[in-house]
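Just so it is clear, A, B, C and D label the chains in written order, and each chain counts residues from 1 on its own.
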Amino acid sequence: MKKNIAFMLIALLLCAPAASYAAQEVNVYNWEDYIADDVLALFEQETGIRVNYMRFTTNEDMLVQVRADPTNYDVIFPSDYIIERLISEDLLDTLDYENIPNAANLMDWLKAPSYDPAGEHSVPYMWGTVGILYNTSMVSEPVDSWAVLWDTAYENNVFMMDSIRDTIGVAMKLLGYSINERSQEALDLVKDKLIEQKRAGIVKAYQVDETKDKMIAGEAALAVMWSGDAAYAMSYNEDLAYVVPKEGSNVWVDGMCIPKGARNKENAERFIDFLCRPDIALINFEEIWYSTPNAGTVAMLDEETLADETIFPTDETIARCEFFKDIAADIQRYNRVWLAVKSAR
Amino acid sequence: MVMKRLRWVYIALVLVFLYAPIVVLIAYSFNASETRAVWGGLSLRWYAELFRDKGIMDALYVTVSVALLATMAATVLGTLAAIGIHSMRSGMRAVFMNVTNLPMLTPDIVTGVSLMALFIFAKLPRGYGTMLLAHITFDTPYVIFSVLPRLKRMNKHLYEAALDLGATPSRALVRVILPEISPGMVTGALLAFTMSLDDFVISYFTSVRTANLSVLIYSMTRRKVPPTINALSAIMFVTVLSLLLLVNRRDARSDKSKLKGA
Amino acid sequence: MVEDFHLIELENVTKVFDGVNALSRINLYIRRREFVTLLGPSGCGKSTTLRLIGGFETPTEGRVLFEGADITNVPPYRRRVNTVFQKYALFPHLNVFDNIAFGLKIAKVSRADIKRRVGAMLELVGLVGYEKRSADALSGGQQQRVAIARALVNEPEVLLLDEPLGALDLRLRKDMQLELKNMQQRLGITFLYVTHDQEEALTMSDTIVVMRDGCIQQIGTPKSIYDEPKNAFVADFIGESNILDATMIKDERVLFCEREFACVDRGFGEMNPVDVVLRPEDIQVVAPDQGQLAGVVRSALFKGVHYEMIIDVGCALLKVHSTVMQPEGAQVGVSVVPFNIHIMRKYAAPCGGAA
Amino acid sequence: MSVRRGNGPGLRRSMFAAPYGLWMLIFTMAPIFIIVFYAFTIGGKPTLENFKLFLEPEFVGILTFSLWLAFLCTVICLVFGYPTALFLASRDLKRSAMMAVLFVIPMWMNFLLRTYAWMSLLEDTGLINRFLTFIGVGRKKLMYTENAVLFGLVYNFLPFMIFPIYSVLKRSDLHLEEAAQDLGANGWQVFLKVTLPLSLPGVVSGVSMVFMPAVTTFVIPRLLGGGSFMMFGDLIENQFLTTGDWNFGSALSLIMMALILISLGFLNNANPEGEEGALW
């Protein structure tokens, strides 16, 4: 009897993982906290395709994994400059818009973006800005400049982003450079600036996904944050406010792409198409609070939401911002600066 | 007498240090409120939700099944290897022992990245399967190092005695050698199982598709840890505690009965 | 008692371990119902010989025959021999009954038969009532008996015993020697016995095979080996001896200690260097002027039945056993009768003399 | 009738290790080979640049920081662990085996859970700070500091120091201590002359069991250091998973392995008996 039970247990164990490869599936590699769980469930329900959902924290982490094994993923969600990088490394498949009819719902200005001029490798998923989320009960003065992040009055009260381009970008902007500046002179200044900020004890921590909950809990006064996460946090804590500083910032678009050699390309296109459906994009929007590029979805929103400048920044704000560009091999010099900052004591 | 009391105080303090976070986790698991900041009264809510949380349940299944399968494979592989190594000439044995020592001395992170490099090189999608392979790899030496001493202590003529009495080599193995080394196999399997259950670093590098509990908890600590994890901690703690107490009691009892028998 | 039938035969057997000869071209046969002892110091190859017959080793060269058939490559579990191992090798996870029944269970003997035969064995070795005991919980002597019973219950043609009494204390050993010999005679089974204890060999054996460095030095009955050792090694190993350098002047005349002695040996040529062996009990102590050699007593020890004295005769120190003690420093004479002067060829290579 | 060939059962049984040998070839040797290959090449061309790069001050700084923190952690574990082991092993302690089990149990909890638990204690709005605020001391910065990382290391690795020492002391011949007392040594002398030397093998294995994982960890500094403290393990993880420079990452891995092997060799030399106190 005991033997039989043991045998059945083994059989069960062996079958279960095998079963997961048998059915129709799609391997999705998306940012942490970047989709509504309901959307995944709905997709599986409607199509019968099983979603293997994997998460990453920063563009750079994702890039490494996709480079290492592009066939492991069917749909990925890189940002603009990474899409540029992936295209230049010939890692992205071209999309067949026949299979993505809902892409027609996209706003026109995103149909042929600079990072993917032909629009054949990516379909925009969300867009947003980088700015400062601050707690009005802890910050009395008006916040309108990155300089506030270097104010020693906020010692141990600032969350910086554990993301190389975003954080270096912030310092670049503060120093008056473009966020795509590559000169060593600028990089050295940025390095000194960031180390100065760290040594002054202003930085509480470098992190990404954990920040919004900590801001909600009131663990710090200021944080560098993506607009959607900011909107999410603000919806939980009324003291929080978001600003895109006057020096300018980064405006970004995250796209949906299919790596070359993806095992389930058809399912991937179905998945992308599904996310482009206005009703689905709405569910997503209401969960993660990033700006949707979906004109159909925007049409469904009420006035008050549309007036929220965190989610839908004004033209004037966007004019201050620029896209990240792929900096190609210069990323190595960026890396060195970033490591120097991270390891400084 | 004062000395003795001081000792107790000291031990108690160290125990408090070791248990404080665990006690906190368990206490929070009964907190009805969602955030730790507020005590919302006693509730079993998180225990109920724990079993409904698909992510956690999946990860739990992955953890336990990988640990079980890896332990079984490592026990077979390691026991055979130990028997083989035991009967080797010294030169060959030294080679095998060094190779066996290597994964034990290699830092987890190096084992992790090197296996990741291997799987990527071999174009194996990193998921359940690769995690299992990695676990078998780091589990097997534990079995070997538990079985080898038993083999060394075993009267080397036992195997020959079985052959002499008419048992074929395979029967001699099953009827004489295996019973002799089975305590070592059990120890090795337990060690391997524990190592597997607890592993984070190697799983983190060798699987992207599938998360075991450690990897899931790691990704949760980087965002927001749901209170269900507190409930899970409490359950795990109580399970381990009762298992250890059980084993301890059984040991004590069998020791007593041995004494009686002699 | 012993039949003149070659039950086991080793033909030109050589065994090499890691480039070292453990056995060099051994030829040996064992007759049915014979009690054969392989005797020699450790490392002489006696255990290897036993293991070759048991099937635990395969010879590098040569053949092992059983009833005339080649069994060189037959595995141990197909050989009709059983072994009593040095440290008994009882299965620790089994009790006494299951240990003894092990071979029978493998052979799929019926349960009732197993019970009967194991019972008979327990009676034979005097362990009735110990069936349920764990093997660990027995004394050394009891474990020994279980090991013997475990082997004998399979009714082997030959029982191989590898220093079976080595781990027992002296008293128990003496008892077991007699018991084993009795058992062998009663059951009529061939015993091949390995020991380094010459006394044990002399007490129990029908035939003794003296070995050294992988070679057989001498094969013979205990008496012939004791009385007529073929070389100084055998003489020294079998009992205590005084071995002296000597020159064979001619047949029946030998020179040692600057004196000519009469002896009974012939055929060693003329003026050839030889060894002379004198047993301590064969040397007579007489008055200083009556001996063939004169000497001084250097030490004297009481040994129970006799005194052991060391007598310095100038050319050598002689060990002498005598019932009469001479005090230390006493001037004495010693003499040996011609019959007790054993002449041997000078010992050369271990395999040279015996071939 | 089956015929046996070869040199007896030894050779055939050694073949039992063949599957394992093959396994280790694929899953231990091959990965190391890949790492060595990456470490000594860039773009497939042989070079030592990866190792040269390591000599840059920020990388050497990361290494020395890791070593320093691991060293502090080992010293603290030894200072607090040794008396614990000593008291646990004392003869007059009732139910000492049971007590020992109490020290094992926390180790059976997933270490991420334990570390997470400390986070919830140490964070600004955590229990300790709320208590401090309550008694009027006010909030202290407890998390995301060097001390928080050190604290996390000590918490996780303390049992690894206690156990080897405990088991060596428990095993050691207690009559020696009695003999020493008999010969007129007082308590302190007994400890210095007998107990301490006897327990040295346990100390050595405890030190290696604490120091090694402490110097290589990347999770604890990540969680408790808030990304502000980079240890050697972080750097390797960072090279493999974020920067994607596998060549440099591999070189770092080799450096770490060499470091471990050298310190183990050093520790084994320091071990008078060459015997390790077993944890189990």
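Heads up, the rule we're going with is that contacts are C-beta pairs under 8 Å (C-beta built on N, C-alpha and C of every residue); 3 or more make two chains touch, one makes a residue touch a chain.
Everything quoted here is computed from the prediction, not taken from an experiment.
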Tell me which of A-B and B-D has more C-beta pairs in contact.
-> B-D
Could you tell me which chain lies farthest from chain B when each chain's centre is the average position of its Cα atoms?
-> C
Closest chain to the centre of mass proxy, which here is the mean CA position | B
What whole-Å value do you get for the distance between chain A and chain B if each is reduced to the mean of its CA atoms?
-> 37
Cα centre of chain C to Cα centre of chain D, whole Å, reads 58
Euclidean distance of C-alpha centroids - chain A vs chain C, Å = 88
Measure off the straight-line distance from the CA centroid of chain B to the CA centroid of chain D, and report it in whole Å.
-> 17
Mind pulling the residue numbers of chain D that touch at least two other chains?
-> 9, 125, 240
Can you list the chain B residues in contact with two or more other chains?
-> 37, 116, 163, 169, 221
Using the touch rule from the top of the page, what residues of chain C touch 2 or more other chains?
-> 56, 75
Please name which positions on chain B make contact with chain D in the complex.
-> 4, 7, 10-11, 14-15, 17-22, 24-25, 28, 36-37, 77-78, 80-81, 83-89, 92, 96, 99-100, 102-103, 105-111, 113-118, 121, 133-134, 136-137, 140, 144, 159, 163, 169, 187, 191, 194, 197-198, 200-201, 205, 213-214, 217-218, 221, 225, 229, 233, 236-237, 240-241, 244-245, 248
Residues of chain B touching chain A in the complex | 35, 37, 61, 65, 68-69, 72, 116, 120, 123, 125-126, 128-129, 208-209, 219, 221-224
Can you check the complex and tell me which residues of chain D touch chain B?
-> 9-10, 12-21, 23-24, 26-32, 34-35, 38, 80, 83-84, 87-88, 90, 92-93, 97-99, 101-106, 108-121, 125-127, 155, 158-159, 212-213, 216, 218-219, 223, 233, 236-237, 240, 246, 249-250, 253, 256-257, 260-261, 264, 280
Along chain B, where are the residues that touch chain C in the complex?
-> 155, 157-158, 160-169, 171-172, 175-176, 179-180, 261-262
Chain B-touching residues of chain A, taken from the complex the two chains share | 9-10, 13-14, 16-17, 20, 27, 32-33, 52, 54-55, 57, 65, 68-69, 71-72, 207-210, 213, 217
